[in-house]
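What follows is a set of structures for review.
Common to both upcoming complexes is subunit A, partnered first by subunit B, then by subunit C.
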Partner chain A sequence: MLAHFSVAFAAFVLAIILGEWQMFVRSPLHAWVNNPEHYYRSVTMHGTAMAYVLPTLIAMGFGYAITELALKRPLIGVRWAWGGFWLVIAGTLMASTPVALGKASVLYTFYPPMIGSPFFYLGVVLVVVGSWIWVALMSINLRAWRTENPGQTVPLAMFGNVAGAYLWAWTSIGAAIEILFLILPVALGFKDTIDAGLSRVFFSWTLHAIVYFWLMPTYIAFYTIVPRAVGGRLYSDTMGRVAFVLFLVFSMPIGIHHLFADPQVGAGFKFVHAVFTAMVSVPTLLTVFTIVASLEIAARLRGGKGLVGWVKALPWDRPMMLAVTFSFIMLGLGGAGGIINMSYQLNETVHNTQWVTGHFHLIFGGAIVIMYLMIAYELWPQLTNCAPLPRRLINTQLWLWFIGMLVLSLPWHWVGLLGMPRRMAYFDYTHPDLHAQAWTVTVSTFGGLLLVISALLFVFILVRARKSTARPDPFAFSVSLDAGVKTPVALNGFGIWVGMMIALTVVNYGFPIAQLAVLKDTNVPAIPVGGR
Partner chain B sequence: MNSVSPAHDSAAHSHGVALAAERRWSVIVAVIITLLVLMMIFTGLHWGAMPPSRVETINSRTLHLSGEFVENNLGTSIGADGKVVARLIAQQYSFEPQCIVVPAEMPVTFRGTSTDAVHGFVVGTTNANVMLIPGFVATFTTTFKKTGEQLMPCHEYCGTGHEAMWARVQVIPPGEFMARANGGQRLNCVSR
Partner chain C sequence: MSLCALAAVSILVGFIWLPSAQGDFSAQGLWASICRAAGVPAEWGETTSTAPKSDLRSTRVVLERAMGRQGSNDAVGRGATIALQQCTMCHGAQGVSSADTPNLAGQYREVIIKQLIDYKSGDRRSSSVMQALATNLSDRNIEDLAAYYASLAKTRNTPTVNIGNVPALVRVGDPIRNIAPCASCHGGIDHKLGTPWLEGMAQKYLQDQLHAFASGARRNDSHAQMRNMARQMTSAEIAEISDFYARPEQESGGS
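On to the complex of A and B.
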């Protein structure tokens, strides 16, 4: 658990420094980067660390912690858990070595027909296989608890945790098929052509739902930690369950919205995926309602009055209060942007521009990661037996993260609308059209700098935590308002939801995949990257 | 839906209030989502605003030898049906042609593909935005409102020269375009 978090945040700090370097060298503050390949190498490393290593380790570590804290029994399969951890570490090292050497500058989204070193892909596979061990352990532990507690309601934290595990197991299949059956045969030299269109369809299966895997720990924290940390009650336990199962059902059959501008999928399936993407905003809208209502309960318990006056009574000096506020603001802005991205037509305005970079930094780096940081702060006393962490320093760190993320990502949204493309190692600012946009890149660079300072402050707070002789208070999850109410059977298990998840994916992906699989002419020559 | 222990009357009451508030919010959510989807359907059908393309394949290894995308067929022309078509290919790290001429205020159909990696382009501040995937032909139709020159960068990472892959689009008055294109030429604005 502690090991998972330590490695996750080590990767996070390394990746955030690379990210800031990227921002700096492409800004007008710096001359053109001598070798653009260094830039893409850095982007590959930044993306791989932030998108695969950090959230996977957080989900795993948090999942093990939830198993012990919520089910109140020791984890079954500790040895297997360590096995999974070391697989993730081995995979991370195996993938990052060729990236660091410039042998796999294909970005974390792979982009066949470009083909990098096979070790990069094998490393990613090891990370995923390590996480599958976690998925199995979560399922086994839940089953053991059910056997001991027949007919009991599964604690909400564990329910969300296992939902996240099943979601990840199924969503990782898309990229796994792409790597194992399409990319690796070429990377290993058995084939020299690849179907780029089909690869993109498989990747889209993973690409969108993976963000809900990233999101799960954050939502578990919203429902099961935030209400307690601000001194309130969870408004509705049932609604939490509804949100988690809706993510299971609607995360996967929507990924083709990443391919709206692609020629290898027909307009009909693009529309179907757009409609389902609209559906996946439902669990988030429900969550925002439930958590804001939970905050209102906390405020009224503290003497808050009035239709909106209660907001003043919230415990604004508590880090969790700040974090959840910042997270919701970023989720709101990012979510509104997301609805623009997914809408069939508006997407054309922003597709593949800096807008998209701004969108996912705001949602993932902002709304989601700020709660990862809070999870670490919450669990640190349990893990290291340390004294309470310094509140004011944490608040400073959170403010820096929030302001930094807005300063970084809002200019990106703006220039994206002006058509600035993403993933450029440098821009020719002497061109009049680009000259007018140059200031935004400078502003974003300073936003990135704030994020680096905030990340370092975060690590400083954790590392400097003083040892305490007293045992920390036992960890408590939120108490819900409907605690006495019996949970509907369907919301205490996963059977039908997992069934719907698989069925909808097969329906929404089956035809596009089958159609591409039988098409002739679509295999194109591979392009080796990094001088294999 | 839920059974409540009768011992807690006030708890049951507050639970009822909570449920009613939740229901109201659920209805609002449903209305928002329905409106969004209806808007997509309406603009899709009424304006014919659809994302680009249907599934059309092409052999990326032989497209330079014969067929639609041979070099002297690239550029902008008026087809037999009177429609304006701009044909282009993308390759590491340039477009062919590097400068595309199109008329303003007339529908222009773009047809493009890639000879190697995945590319894409966006034309300046317009909504002309598409991916070029090797093995497939990307098609979309758009109308440029204003004359003038716009930048057209490759917007998908296609290798280490990606950042240098920029083309231009010149939008000229429709009359001028028709005069220049009438002989069936393939127009471009690459300076010779």
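On to the complex of A and C.
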């Protein structure tokens, strides 16, 4: 896990510096660099690192750690795990090189019919294959544990972990099909045309559920680490399982809400996807309730009284307390934005505006990543045998991340509502129509600066952790209030939920994909990017 | 169970109830409106022909990557012969014109193919001489000519965009007016397939073409890309851009 996290956060720091550079050159604070290709190159690199490399490595590393810590046994298939890790590294290097050379500025969403260097796509394929090794290992390890512990309840952390793994396996198929069968033949020069509409439908298959794959480590931490870290109990283990299986069912077959403006998908399917996207807000609402209830338990154990007065009794000096509070605030704001994005007609107002960029920075970079940082802090003593990390410095780092993210993303949302388009490199702020919007980009740039400082502080804290002579205390997950209650069979396994996920995929995606695959005349000429 | 119920209800709403509220979805009955909601392609109106109306089509050329690839030596030779007989009196012995006709030396192969096909089919009507000459060219003649001219050396390489006197429209365009930077398609920032090389072209030719795009007299640009941009430009800007691209060799800043 140490290897995975180290590489993940190294990529994170590089990508965040790129991101701040992008913000800076696009803002009124800097004269335009004259070459938009450099901007888009940076956007592609920043997006690929933050969306493919960082969260995949975090999920894999945390997953391996959970397997050993929750199942209390060594990982089966360690050599395969290392194989998967090196595949991810190889893929990252293979993909980043053409991007850095300007031969694959296609953004992390690929945007066919734009076609970049084949090595970019092959690199992404390697990263995904490395993660599939992880998925297989999670399944194998759980099955081995079940064989040795028949009838026992799967520990909640492992349950969420494997749910995330199965979700990722199913959802990554979409982008894999797109890359292997639609994009690579063109990138390698065997074809000159591509079915861009079908490619986008396959990518949408992956595009929404990938963010729930990113979210799983955070939610596992909410349920299994936060209650213990704040000195309380998890309010309901069962609710946790319900949330995880609901994510498994509803995360993937809703991707067409990313295609609301696409003409090749029917309006009826767009509506159905909007309805099911609404369903995926349910597990988050359940989680917020359950975790806040768990926090209340902790507060009352510390002597908190009153209807809301118990909030004061929470351990506010502990980093985890700050982190979960910040995460929930950002989750609330970002989630509300997400509900707007999902609402078919409301989406028209924000489509392709900077609102969307502000939204996903707030919800992913904010709510989710802040918990990635906490997972690293929590597990660092186990991984490196270090002394306890400096609490006040961590709190400062978390405050900087929270404030920085709000300062970055709230003006961003606002300027998106004013109509500023996304994925544009250059804005002429001297024009009277744009002059009133310039301040939002300036403010966002300062928010981004706070994030860079926070990220560097995070790495500093981890790198400077002093070695300890004592062994670390054994890692403990949260204990839940309903610990003795027998878990229903349906919440101890995945068969029925995976079945529902696949069935829903067939209903929601089957016809659009089949139709586009069968229709003639859906191919358009490929547009090579990065030189003739 | 509840999942099936939710799916069934949302399908009923999305495929039957909502379309019934839209006249164009439901005009042809329930099954047709379900098909419309599912995204099945169909005729929306009374038209019987599937071809676009001829006065709406800008060009019938579809640009593909293969058109940009280098021609064979045989093609270059044949093209040179045709050029000698039909092209050099206006376009110059080496493809560099001393009249106000465009330089062809080093022009991208797919550009020459497209423009000749457009002249031949009548989609480009800005020169009656070219239309008459192109009528007699076969498809192979066109490919050979394109291969020949593409094989010649360009009059000037693209300058870098960081030199000080590059006009703003070339460097950054004007996004508010929907004008992309010239250099993002014509070279300097990027080159897009099918976009002509402009460096060293005659000033009058460039100016006339931009005005022709602006007025709509020239309309063989696919998706009206050039027309949309030229229409937004002022006459002074058109003159400035044409001067920039036509400037003599010694004033170019980069290699």
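To be clear about the criterion, the second predicted complex is superposed on the first by the 531 of 532 C-alpha atoms of A that agree within 3 Å, B and C clash if a C-alpha of one lies under 4 Å from a C-alpha of the other, contacts with A are read in each partner's own complex, and residues count from 1 in each chain.
Operating definition for what follows: a contact is a pair of C-beta atoms (placed from the backbone, for glycine too) under 8 Å apart; a residue touches a chain by one contact, two chains touch by 3 or more.
Keep in mind the model is a prediction, meaning the values are calculated, not measured.
Undergrad: Report for A:P528: first if it touches subunit B alone, second if subunit C alone, otherwise both or neither.
TA: second
Undergrad: Between subunit B and subunit C, whom does A:V249 touch in the aligned arrangement: first, second, both, or neither?
TA: second
Undergrad: Could you say whether A:V507 touches subunit B, subunit C, both of them, or neither, answering first, second, both or neither?
TA: A:V507 contacts subunit C only, not subunit B.
Undergrad: Of the two partner chains, subunit B (first) and subunit C (second), which one does A:K520 touch, if any: first, second, both, or neither?
TA: first
Undergrad: Per the contact definition in the header, classify A:A3: touching subunit B only (first), subunit C only (second), both, or neither.
TA: In the superposed model, A:A3 contacts neither subunit B nor subunit C.
Undergrad: A:I76 in the overlay: touching subunit B, subunit C, both, or neither? Say first, second, both or neither.
TA: After superposing on A, A:I76 lies clear of both subunit B and subunit C.
Undergrad: One more residue to check, A:N34. First (subunit B), second (subunit C), both or neither?
TA: A:N34 contacts subunit C only, not subunit B.
Undergrad: So, A:A136: does it touch subunit B (first), subunit C (second), both, or neither?
TA: In the superposed model, A:A136 contacts neither subunit B nor subunit C.
Undergrad: Is subunit A touched at more residues by subunit B or by subunit C?
TA: After superposing on chain A, more of subunit A is contacted by B.
Undergrad: Applying the document's definition of touch, where does A:A387 land relative to subunit B and subunit C: first, second, both, or neither?
TA: Neither partner.
Undergrad: Jot down the residues of subunit A that show up as touching in both complexes, subunit B in one and subunit C in the other.
TA: Common interface on subunit A, subunit B vs subunit C: 36-37, 264-267, 270-271, 275, 279, 424, 426-428, 431, 433-434, 515, 519, 525, 527, 529.
Undergrad: Under the definition above, what is the set of subunit B residues touching subunit A in their complex?
TA: Residues 1-5, 8, 11, 14-15, 18, 21-22, 25-26, 29, 32-33, 36-37, 39-40, 43-44, 47, 49-61, 92, 113, 116-118, 120, 122-139, 150-151, 153-164, 166 of subunit B touch subunit A in their complex.
Undergrad: Which positions of subunit A touch subunit C when the two form their complex?
TA: Listed in rising order, the residues are 32, 34-37, 192-193, 249, 264-272, 275-276, 279, 424, 426-428, 431, 433-434, 500, 504, 507, 511-512, 515, 519, 525-529, 531-532.
Undergrad: Across the complex, what residues on subunit A touch subunit B?
TA: For subunit A paired with subunit B, touching residues are 36-37, 39-40, 43, 105, 107, 111-114, 195-197, 200, 235-236, 238-239, 259-267, 270-271, 274-275, 278-279, 281-282, 285-286, 289-290, 293, 339, 343-345, 347-349, 351-353, 417-419, 421-428, 431, 433-434, 481-482, 484-486, 488, 515-516, 519-525, 527, 529.
Undergrad: Taking the touch rule as given, give the residues of subunit C at its contact with subunit A in the complex, in rising order.
TA: Residues in contact with subunit A: 3, 6-7, 10-11, 13-15, 18-19, 25, 34, 36-41, 62-66, 68, 161-162, 171-176, 181, 184, 189-193.
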